[in-house]
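In the two complexes below, chain A is the common chain; its partner is chain B in one and chain C in the other.
Let's look at the complex of A and B:
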């Protein structure tokens, strides 16, 4: 243990204190007070407005919101399991706070391994947590944020000590973490790689008024560039439905509008441009795709047409403005390709009933969310079919 | 500080506006009053007046004037 400690960077708290913290009732009063204070600390900051994800989660953890959530749960005789060990991803800056919040509300103490990647949002959150924990010292043992490199021994130790392990993707991380066994009574929740896409009815898009087209361009930006397409629910592919000529015209308008929005808002890092080209070439070779020069919209938006929507399309994963595109005649042509790892389908001009019917008829196992383009996703205690309060707490059955 | 002053202060601090800009403040019209600004405003009002607003009221809170009517539901009277 002493050797390992030297390799650990603590942002908040300590392992020793946290492993001994007692389980709390779900929606414990002190947890609510603490989170409300964290909310206030975050929202106090002058430039916090720049980080919509941060404002959104801070708004979600304010007292009014937490009390309302509590009212929706059966909380009697329900306690946390004890200690949760979280492995949080490098792609979503506020994910570690989300994971901490759901687990605290479920009554658990938490050791959270943060990614090595630094984010301004991460810094702001840690600072807010520190300030709030000073005011609520009884909550100190329940929050331990740490970082360490590739040190399997540490992961082994924490995995054996915890009552539950929560791993936020991708598939490779999950495999690696699973090399560290859990104790017999501990459980694990994992959130693996997902694939998301966007489907648009070409004709309906063409008929839409120009302010609708503008709104869609901004909405699509929020869904994609804002998180650099790293969010599992960011569309990596756009599929046009309908008559081919209309769809091609619609696509041209759509990508040009998108290019304008992106030029206003997005800072393309040098490296992203190079990676994009590499990704394109690799995928193009694999997918027999055509990199149509006409579909290059500056260096920010690059669109690669793929011949058909095949089941292994989820191998196409681009970032920083690389999108794949396909043209199909009807909704079913896409739905029949859905795989288990497909998560979000964002849409415009398509009837959701038709999508749902196609999903039921084809019996495909993927797609958890069907949402309009640009639908902002407020945080929730439920995700991918899991309710965190019920999953991370235990109910004591009393006769 | 009375309620009217507190109410104006929240708008002033949230959107960095003053005087008539406050009286005319409106969602998507006033600079900074977008969805992010809206969340900041609601959180600040709840804190200032120690209230917890319903989702419907949060959605309906579209301007400085409309807000006064909504706050009445929470026994917060913004005197004129």
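Let's look at the complex of A and C:
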């Protein structure tokens, strides 16, 4: 290999071994054993409970859970493609583990470029992987975790070598990575910038018992503050559906409860309020929007009302707890604005059939996931309409 | 009441309550003008639902984050009235703030700065040393905050002498020549805090030189971040400078390019005072509510000077505290404050701090 090896920092494994690893059957027994052990190693860590995202994925890769997943697939004559090259994002600490898991389950060897940004979760995962791989040495060639700076030569080389490339966006990363061509037979999965939103029926919310309201506040927290709204599935906007007066009342209760949860759980940085003030002033200058009059939620939760629901509301991208809010009469009013880049729609008090009907009837290109509030994060083998097991493996057709 | 009337008063003569009502009247009037002449400012005021015709006090005005001047060119004057554009100095890669001044506003800033500082150092124009290189002010097309501060403050002195060479080394001969001539009478030395430390103090120490500058008043401005990193407190700074130079009179001031002129000068008791031209409100990190005396928060600055751009009420990225109101032993009325530092994660801003970052 002619690579500038000195510019690469290896966290786990080595490229030489990984490029020569052979494809495995999907849900290979060794893969399941390894992941189960990784799960145990992660859950052993004393302070692991502090990291909800890590706990959630660790439970997801336990043996029992993996076997249940396996049963839902036609695994006969299915093998991995070979070598997958993953570019993982800097804003979600456990994303690289997720990307590794789905690709291993599909039977591939993996070179994963991790973000330069250090997270405690990342450190814990690497440590667990290292320990487990020692116990399952046959799996060593299948995992290579590395880091390097913006070095196109390295990306060029890895892109030519791999059988498939997975790029977790944003858009800018994707277009940059695409400057490095793949070999003729290789394929690519890309996950671009997306817009996600939350819709709530105002009347239903008002009628909900207080413990449900409490639960929704915690669920919404997990969907948003947990990643500072920087994940593609984090709602950036809350749309209230129904009669205006009850929606306004519902919104006030909702945000006040949310503020309480955030105050308890979230470490607000001193600079955070100033950053959101700048976002607000930018919004004031660029958009038709007003700060919510009832906004008395301090610097934890900022709510901005958009004047009109239109297709370009996906420009509404706040983070760190800055939410856009709109009021509409029915589900169709919002669905008709959906754009191709809209991803997750989380909901409360709205019938999913009604949403699906509206999507079908209006024929919009966006919305890949419809999930209850609080469920926008849990790991799954399907993502953005793609099934990873089927997408990352080949089926040998026998006549 | 108008700014002209403020010019006739001593800059610290008003007790807080009276000052607030006078300053509010003037500031709100100017903000109304900005509202009609600066589209972006109008949008921001409307976004927050503030009705300026209803406002009674500058406490009610929306405050703009200082970083907004890096993103937008906010001004309330037509292009052909721009007399100079002040930029906050930034190291390469950092965006730069742009503050647009017409002639009137530039003169006003200058006038107020001199009124404030001469209340500290005394009225007459004194011989002056400047701890900087003359190159900083020679490029007048782009006005850096450092250059502007030097330009304005050098007006306080007679024939200012720049004691650094172009490469920032100390010109000892020039310094000694000045002291031979003026050392026996009151004189002023001005410099950015970090530069005084690095290029004056450190150099004298390295060269093992001890000067007799007992008649020199050291005026400083600029951030303390770099010195804080080296664990040099205000007290230690003074002690060390006295050791090598004999200087015993000091005054620092807190200022920013976005509100030049209405600076917060340090009195002989070591307190930084708000003059009648401006005020400081300290706001809570968590909800921007107004902090009590002694309670740390984010510094908001309110000034009646910005006339050509909507910079009358700004939220800085500095942490500070109101130490007292109307009761400083020096006799100056109004609030006096302490600047504690920069918000963490905040972009490195300011003049001498960004200079220090290169070191």
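Rule of thumb we're sticking to: the second predicted complex is superposed on the first by the 384 of 399 C-alpha atoms of A that agree within 3 Å, B and C clash if a C-alpha of one lies under 4 Å from a C-alpha of the other, contacts with A are read in each partner's own complex, and residues count from 1 in each chain.
Following the convention adopted for this analysis, contacts are C-beta pairs under 8 Å (C-beta built on N, C-alpha and C of every residue); 3 or more make two chains touch, one makes a residue touch a chain.
This is a predicted model, so every value here is computed, not measured.
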Touch test for A:300: chain B only (first), chain C only (second), both, or neither?
second
Between chain B (first) and chain C (second), which, if any, makes contact with A:30: first, second, both or neither?
neither
After lining up the shared chain so the two structures overlap, which partner does A:40 touch, if you call chain B first and chain C second: first, second, both or neither?
first
Considering only touches as defined above, state whether A:55 meets chain B (first), chain C (second), both or neither.
first
So in the superposed three-chain picture, is A:63 touching just chain B, just chain C, both, or none of them (first/second/both/neither)?
first
Looking at chain A, which partner touches more of its residues: chain C or chain B?
C
With touch defined as at the start, can you tell me which chain A residues reach chain B in the complex?
39-40, 43, 48-49, 52, 55-56, 58-59, 62-64, 67-68, 376
In their shared complex, at which residues does chain A touch chain C?
268-274, 277-278, 280-285, 289-291, 293, 298-300
Under the touch definition given earlier, write down the residues of chain B that touch chain A in their complex.
32, 35-37, 39-40, 42-44, 46-47, 51-53, 55
Chain C residues touching chain A - in the complex, by the definition given at the top:
40, 43-44, 46-49, 63-65, 67-68, 71-72, 285-288, 298, 315, 317, 319, 343-346
